[in-house]
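Look at the two complexes coming up: subunit A is in both, with subunit B in one and subunit C in the other.
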Partner chain A sequence: MDWQVIIANFPLLMSGLVKSLQLTVVSALFSFPLGCLIAIGRLSHRRWLSGASTAFVNVLRSNPLILILFWFYFLVPLITGRNVNDLTSIIVAFIVFFAAYFAEIVRSGIQSVGVRQIQAGLSSGLTYAQTMRHIVLPQAIRAMLPALITQCIVVFQGTTVVYVIGYSELLHTAASIAERTVRPVELYVTVAAIYFIVCYSASRIARHFEKGAA
Partner chain B sequence: MNQPIIRVENVGLRFDSFVALDDVSLSVNAGQCIVICGPSGSGKSTLLRCINGLERFQKGDVWVDGVSVRGCQDLPKLRRGVGMVFQHFELYPHMTVLENITLAPIKAKGLSRKQAEDLAFHYLDRVGIVDQAQKHPGRLSGGQQQRAAIARALALEPKAMLFDEPTSALDPEMIAEVLYVMRDLARGGMTMLVVTHEMGFAREVADEVVFMDRGRIVEHAPVDEFFSTPRAERTREFLNKILLKL
Partner chain C sequence: MRYEFDWGLLWREPYFGWIVEGVLTTFHLALLAWVLALCLGIVIGVLRVTNSRVLRAIGTTYVEIFRNIPLIVQLFLWLYVVPQMLPREFSFWWNRLDNVPYWTAMIGISFYTSARLAEQIRSALRAIPPGQFKAGLSTGLTQVQVYRYVIVPYALRIIIPALTSEFLTVFKNTALALTIGVIEITATTRRIEAWSFRGIEAYTVASLTYIATTILVILFMSWLERRYQIPGLIKRGEARA
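Right, the complex of A and B next:
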């Protein structure tokens, strides 16, 4: 074992981690609101809207992330005939894919608030959108905070799939250092430790909110 | 201009094959207080929800201050004109009492925050809980919560108030304070339609009493007549049952 290699490459690893975290944050920041809209669509009385939203969720949840990534990375430029920037296709794929999962979390959160609060809002002359915005969603988000954080952990772990298209997030960075220095054990142990620290801390935060909600 | 504030005409409503309301007709004139009673599942809540367009009915129509619910283009506006008070209060737990009350006046009616708060304090004073304005509903007693909910409905300055069993989720010692507020409202000339089994309140405050059973209005009479000479057998049975329980 030679841990010198980790110390020497630490800044590089950290820049990989930052890229992984950036991708996670950007994805979550956009897939969550998109998920909210889809969840509201699923609960709509308009058949076409709930049908389309349900189809979206089911299709995306029945496919592996890597396939969705391929779709955006290889097929979309092929179909549109335009060159799409790597990072753009990665981010779009992540947003679309995880929106389906966020939608399911938001949907159960909304349902936990209950129809009587909605009726109270509507009966006071608020529109359906205002009722959602001011009455239902604030309560739903509080109830689903632990599940949302857990989902963000899944997004963070999911960022490793961009390895396959050579985007230098944490795993890809570590792999190329391992190859260059021929020190795979040290590098993969270190990377595992970094993933563990990030994910475990986040899950502790989630548990904290779970207790707070109870 | 003495058309009724609320006019329900031959309303019929089915949930799939289950008939929840069967040819229900009822009018509430300005300043009148009408009490509705009847066994569980008889359609009382459903009827109230039809009046402010929360429930779609297949037959008949409802008019609120001359506006047809069925043909209504602006349901939020129509609903603003009808205050609604629920069995379980339905205060918004993530807002203070004051925010509960000002939400709809600001967002639905377009009042300024200042105007809405003045209105809120006026009605909180009226129901006797000004000192609770800054608390969250969870910190209030059941009776205080229901009074806050009444203030919330009043702050929209509605033409009529609908109450759906406003005291049946309350501990006995808190029922009186809510009934007191409602009595005060009725005496002040508010037009009210109240689902309740508080027969003392009905005797004292109501002008007319309606008895519903299985989606139909079985009996509808001026209050004295309703209690002294109920005509339908079902009404007598029901009155015996609840009066014995009290």
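Right, the complex of A and C next:
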């Protein structure tokens, strides 16, 4: 064991971690609103809209992230007709993939509020939009919050998948240092510890909100 | 978008043989990992609800460790780190095995999944009325017997829906085994794409494999759920008024 290699390469690992976190934040920021739209689509009375949204969610949820990544990595340059950089394909794949998961969380959040609340809101003279805005959504968001945070942890863990494409997030950075220094044990143990610390802290926060909601 | 389709490619050798091989690898890797994960998950899940503080702490630590490290990182740990920690004779034997990445992936996916399953099993065990346990003890069963004959069979039925979704997760997670060199279906189609530049056709095969299996598993499990319904509990779809 020689932990010197970790100290020497610590700034590099941290820059990898920053890239992982950036990818997580960008994906979550865009896929959450997209997921909300799809969730509303699934609850719509228009058959084609709910059918299309359901198909979108089910197809994406039955495929592994890594395969979706390969799909977009191949398709994005083909559709746009020019060479885009790796990061663009990765971000598009992540947004589309995780939108399906966010859609399910939002849908069950909205459904957990219950029809009677909507009826009560409407009968007290509020419009449908006002009922949604003041009665349903505040309750739905409170109910969803722990699941949303947990989903962000899943997104963060999912960023390790882009290792296969060679984007230098935390895992890929560590792997290339491991290859260069021939110290895989030290590097992978360190990287595992970093992921553990981030995910464990985030899951504590999720649990805090879970207790607060109950 | 300019792209000429050539679906016939999939039936030509060597691609067709690769695809069959890849699909089979995905299936038996998923099944083996699932069985092992279920065994581990039941043990850990039970540990987490016992009265002993020490056992509960062991269970909690296990779950937190395996849940909070991404699966690919765990696979790397099993492949590069664990063999170095074990006795020399063992790693010597291990490295001479035929298909080290395959067995590594199986172990890695099992441990990762077992932590998630343990949580499902724990909440199912919590859902069992405590009266069941007391009734079991008062009929003269030992504590172990109560778990074996009353609690676990009951809990297994309650968690069928959760087990379904966890199985599908395992099934999808086998794709990550490609990062340590297992040639399952996703890796196969990636390889076909690299050889022929026919990405759409190749990835369609992989996607259809996952989608078709998902549908079959869901159909089978909802049949199972109806078959082993516990009388008196809320059925699927009845919960909503």
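The rule is short, and it goes like this: the second predicted complex is superposed on the first by the 198 of 214 C-alpha atoms of A that agree within 3 Å, B and C clash if a C-alpha of one lies under 4 Å from a C-alpha of the other, contacts with A are read in each partner's own complex, and residues count from 1 in each chain.
Methods note: a residue touches a chain if its C-beta (ideal position, glycine included) is under 8 Å from a C-beta of that chain, and two chains touch if they have at least 3 such contacts.
Bear in mind the structure is a predicted one, so any value in this text is a computation, not a measurement.
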| item | value |
| --- | --- |
| First (subunit B), second (subunit C), both or neither touched by A:Pro138 | first |
| Partner, of subunit C and subunit B, that touches more residues belonging to subunit A | C |
| Subunit B versus subunit C as contact partner of A:Trp3, first or second or both or neither | neither |
| Common interface residues of subunit A - those touching subunit B in one complex and subunit C in the other | none |
| Residues of subunit A that touch subunit B when the two form their complex | 116-117, 119-127, 130, 134-135, 138-139, 142 |
| Partner subunit A, residues of subunit B touching it in the complex | 49, 52, 54, 76-77, 79-80, 82, 84, 86, 88, 90, 92-94, 103-104, 107-109, 152-153, 156 |
| Contact set on subunit A toward subunit C in their complex | 58-59, 62-67, 70-71, 74-75, 78-79, 81, 153, 157-158, 160-161, 163-164, 171, 175, 178, 184-185, 188-189, 191-192, 195-196, 199-200, 203 |
| Residue ranges of subunit C touching subunit A (in the complex, touch as defined) | 1-3, 64-65, 67-74, 76-77, 80-81, 84, 168, 172-173, 175-176, 178-179, 186, 189-190, 193, 199-200, 203, 206-207, 210-211, 213-215 |
